[in-house]
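Just so it is clear, A, B, C and D label the chains in written order, and each chain counts residues from 1 on its own.
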């Protein structure tokens, strides 16, 4: 019985971490139909921001929840202004440019901070379920993932910015004729996507191995999750993360992590084959 | 429709290049010969993606799957047979069969665009994981141990067909690889000029219209995908032959991305472009490794960004347009024709 | 008793979610007949064409071509049975020249050399020879329409579906299109969707009026255009039952 | 410290002119005077840079010391260093460049076993002496290659019984899913069973796994007394953090053959790493005079940016010095005389203690150390002097088979 609870928690944490590592990418893909291959490095920058803030004496919660998203969000806006804005409508060129950007970020981080950096410890302890122990940080991450989803939903649903965003998602030309300036929307979107990635990176800082190349471990999974989900930001992301996270964690628990990884990939391949436009292309068409 | 000008230029250029390949060992030192050999093998890989993406419109993020399968097929077969000739044949057949199965699964399922990219990328990651976990002596095919992450060392290099004791020297291996590159280039060039080539370009341009004219886009795309797999597998065999070694990193994300970079930098929708892009990037990466002032990733990344912003069409089309503009100014009758993007 | 019609649909229906775009259409076309298909926007004309060409699969009902059931067949299969279509938004090969567009279309059935000749002939007929070497992507909307009609002719189909062939054309061009259609009709059957009533009057004998996915009436052109229900539909009034 | 980009002495005579040149080119055309050339192949960018950086620093230090003390045979040593960028293809390319174009006299380098297996045949083919200085799974048997890193028999053998005495008999093994991890796990199992213990389960992890939740649950379900770890790389560091975050560090202790290789004690919080046991051929914290001098010299050069100086760094330093000793005794930098000189059983007192070349296996007999993490540093608890490479010795005899070049997978 206890083990069932623990495995349940693992599944939730697997889903939550997929949600967190993919959310920023999903916002950018859903709104702008471009793939940001520097996404993993945005996560890394978020983690580095938290680590550096904490070692400068900042409270860890402040560092994770405020400083990381703000810093990486601002960085995203700069990237959009200096690079992405010249490449709209060119999916592949954007991918190449952001791949280049990811190399630049890794290289610059290595040159500035070296190959390793002192990490931060988890701010929460563990707790017991019967004879099993697990980290309080796990449910905390799940709560943060849920809050993030609710936040995205609320912004999209209730604010003027969300309304504009939805209009642009549906039909960019139409939105432009209504007096919305797509350039501003795109800048804001990219910044928001980067900020979410920064937040995710900050949240991962206490439980991840923090090195300049850490982004590479996340990008493929985030990419597969987002594309598997399709272009509907919220529902696509939630359904794909839920499915892949569940399959991955169950397989990893029952067999080995290698198999867990392989079966995640195989299920992604089958999913996209069955639903060539992602889950949301089939079931959540036109929704958030 | 025949493309007299373009094809003539390609033939003359190839003939000059072939002579260059043959006499290169007289002028450059052994190390450069070996370096050129691996660059040429990689350029064939670049051609495979340049063909299926630039002409077939299939953006495959996992072209390394076929390259890697070709490399492993060659290594395993060469170790088992002790003769490279059947190994090279297998290095083409195995990826083609894999491309046929995967292509059927994807293309007949109606998957396209970025979704197709993700499936192919994911498949290469599956192969990476699977091959990586073949350490241990139970994983062997015949006498060849797959070796997991450590890879397969000491792969027999290419010998003269029919005489497995006559191993090609580095110079001969270079001539073989260099001529193979030219042959693959010309072969694809002829293919593109053929009806098949015209049709796949038409499908790239407008799949609906092609279907409404009676062409089945799926079979054409599948064949294109398989040809790309064959070329990539062949490149894999030549790559293993160069280093006498293969390891699973051949399937990794880094190489997949690099192939795409070669094609974009060189220019999509041309065949010369991917070759140029590949040679340029490979040369640059090598040069970067000889200095320690700046981080290698940093330099490479900055160059990529610069390219996307400044030469968005890629080198070959930019040069072609420039030359065409100059020519048409001086002589309005001259038309440089090439397959346009 | 009767000759097998060229085209026959039986209870042809397609639904998207809750919307019935084509509703129980029974449509018959003889060999070498010229039929105009009219109806207000959203009447289901283009969807009907997509069902005929295999771009969409019917939810219910069947399409027969010379008695052969082709519902569920792929577009390329239907094309090879002799159905050609000019779509509403021009579907052409933008990065290829006019000549190449026509050659590819002809090449499906013919040898390379014959295809070149056929392309040549069609370009002459459509007065496209002057722009033979131009890339189609750089041409005007009207010219692209002509190129598309050319690719359809190059496929030598027995049945040609034209979706708004006169849209965006100048007055002279419209006249030429009408002449061309009559010319084509000497050998082949056509179904033409058009909004321009002047144009319809020029070419049509029989018209079929679609409304909300269903056949409203099928009459000779004068009767049809004077029909009260047809006028109401076009004026946007509800249909008095 | 000069890092020469590449040789400007292009020897035109050796550029393979004839098309039918023999495939094995004897590397005879080296200049008899001018500098002796030492090639270095390490990753200085990409994921493996953290391991490569201290190895390059150690190489630079050793070369500098030799040059400052008058060079070798009256000639200066020129260091030619290439960044392989964590890319196997570049290993092959630069290995060819070092052997064929730069015509170096010796090469030190290679980090992963895959990189070593890619370049080792190239150095055999072009007759260039090669030193591999990273700890690895053992089993390389090649007269042209000298292996200075520890192998499982030297460290795992000490670590396992020590940890079992301390913590108990029921062991759970976790390891990176590649050859090093798999073979090390086999040795772990062997020593656990030799010492009367029981291995409950062995889990392998791909190098890019970052979420260890399910595995941590599995481990708990098995209720081991201790965990033996051979996890590798930056992503796997996350295991320790998630382990600690689950509050398990005080429940189930960890001993590892890899923890600390890329600076984990310093990058993790003290609370996360205290009490972890590790065993290597060298720790930066060793307080012998030789060790302190070595560490001080590197820190003097690189200041705050100095990475943790680990076993591969010390092994590289010792390897360069021992090679130099071989050259001095042979009176030439030519390959065979130097190999023969080294095979007389040369030894060197390095930062890790006495290092003695085993002529039978071309591995080294060296001290092994056992340490515990305490406040972000290693506290060395035990020294096991003169550990022989017994694992490789079980399969390799270069005296009897001098032409062997196999990498054996040792049957346990």
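Some points to look at:
Here, a residue touches a chain if its C-beta (ideal position, glycine included) is under 8 Å from a C-beta of that chain, and two chains touch if they have at least 3 such contacts.
Fair warning: this is a prediction, and the values are worked out from it, not measured in the lab.
The fewest steps needed to get from subunit A to subunit D, moving only between touching chains, is 1.
Centrality annotation: B (chain centre taken as mean Cα position, compared with the mean over all protein Cα atoms). The chain with its CA mean position farthest from that of subunit A is C. Mean C-alpha positions place subunit A and subunit C at a centre distance of 48 Å.
Centroids of subunit A and subunit B (each the mean of its C-alpha atoms) stand 33 Å apart. Here the spacing of subunit C and subunit D, counted between their Cα centres, is 74 Å.
The geometric centre of subunit B is 35 Å away from that of subunit D, both derived from CA atoms. Residues of subunit C in contact with two or more other chains: none.
Listed for subunit B are residues 129, 133, 295-297, each touching two or more other chains. Residue positions of subunit A touching 2 or more other chains, listed in rising order: 107, 110, 216, 258, 261. Of all possible chain pairs, the ones that touch are A-B, A-D, B-C, B-D.
Per the touch definition, subunit C reaches subunit B in the complex via residues 53, 55, 74-77, 79-80, 84-85, 87, 91-96, 99-100, 103-105, 107-109, 112, 116, 135, 148, 151, 155. Of all residues in subunit B, those touching subunit A in their complex are 59, 105-106, 109-112, 114-115, 118-119, 121-123, 125-126, 129-130, 133, 253, 257, 260-261, 264, 294-305, 307-309, 312. For subunit A in complex with subunit D, the residues that touch the partner chain are 3, 6-7, 9-10, 13-14, 17, 107, 110, 114-122, 124-127, 131-138, 206-211, 213-214, 216-218, 249, 252-253, 256-258, 260-261. Residues 3, 5-6, 10, 12, 14-23, 25, 44-46, 81-85, 87-90, 92-94, 96-97, 100-101, 112-114, 117-118, 120-122, 177-180, 182-183, 204, 206, 405, 407, 409 of subunit D are the ones touching subunit B in the complex. Those residues of subunit B whose C-beta lies close enough to touch subunit C in the complex are 1, 195, 198-199, 201-202, 205-206, 208-217, 340-341.
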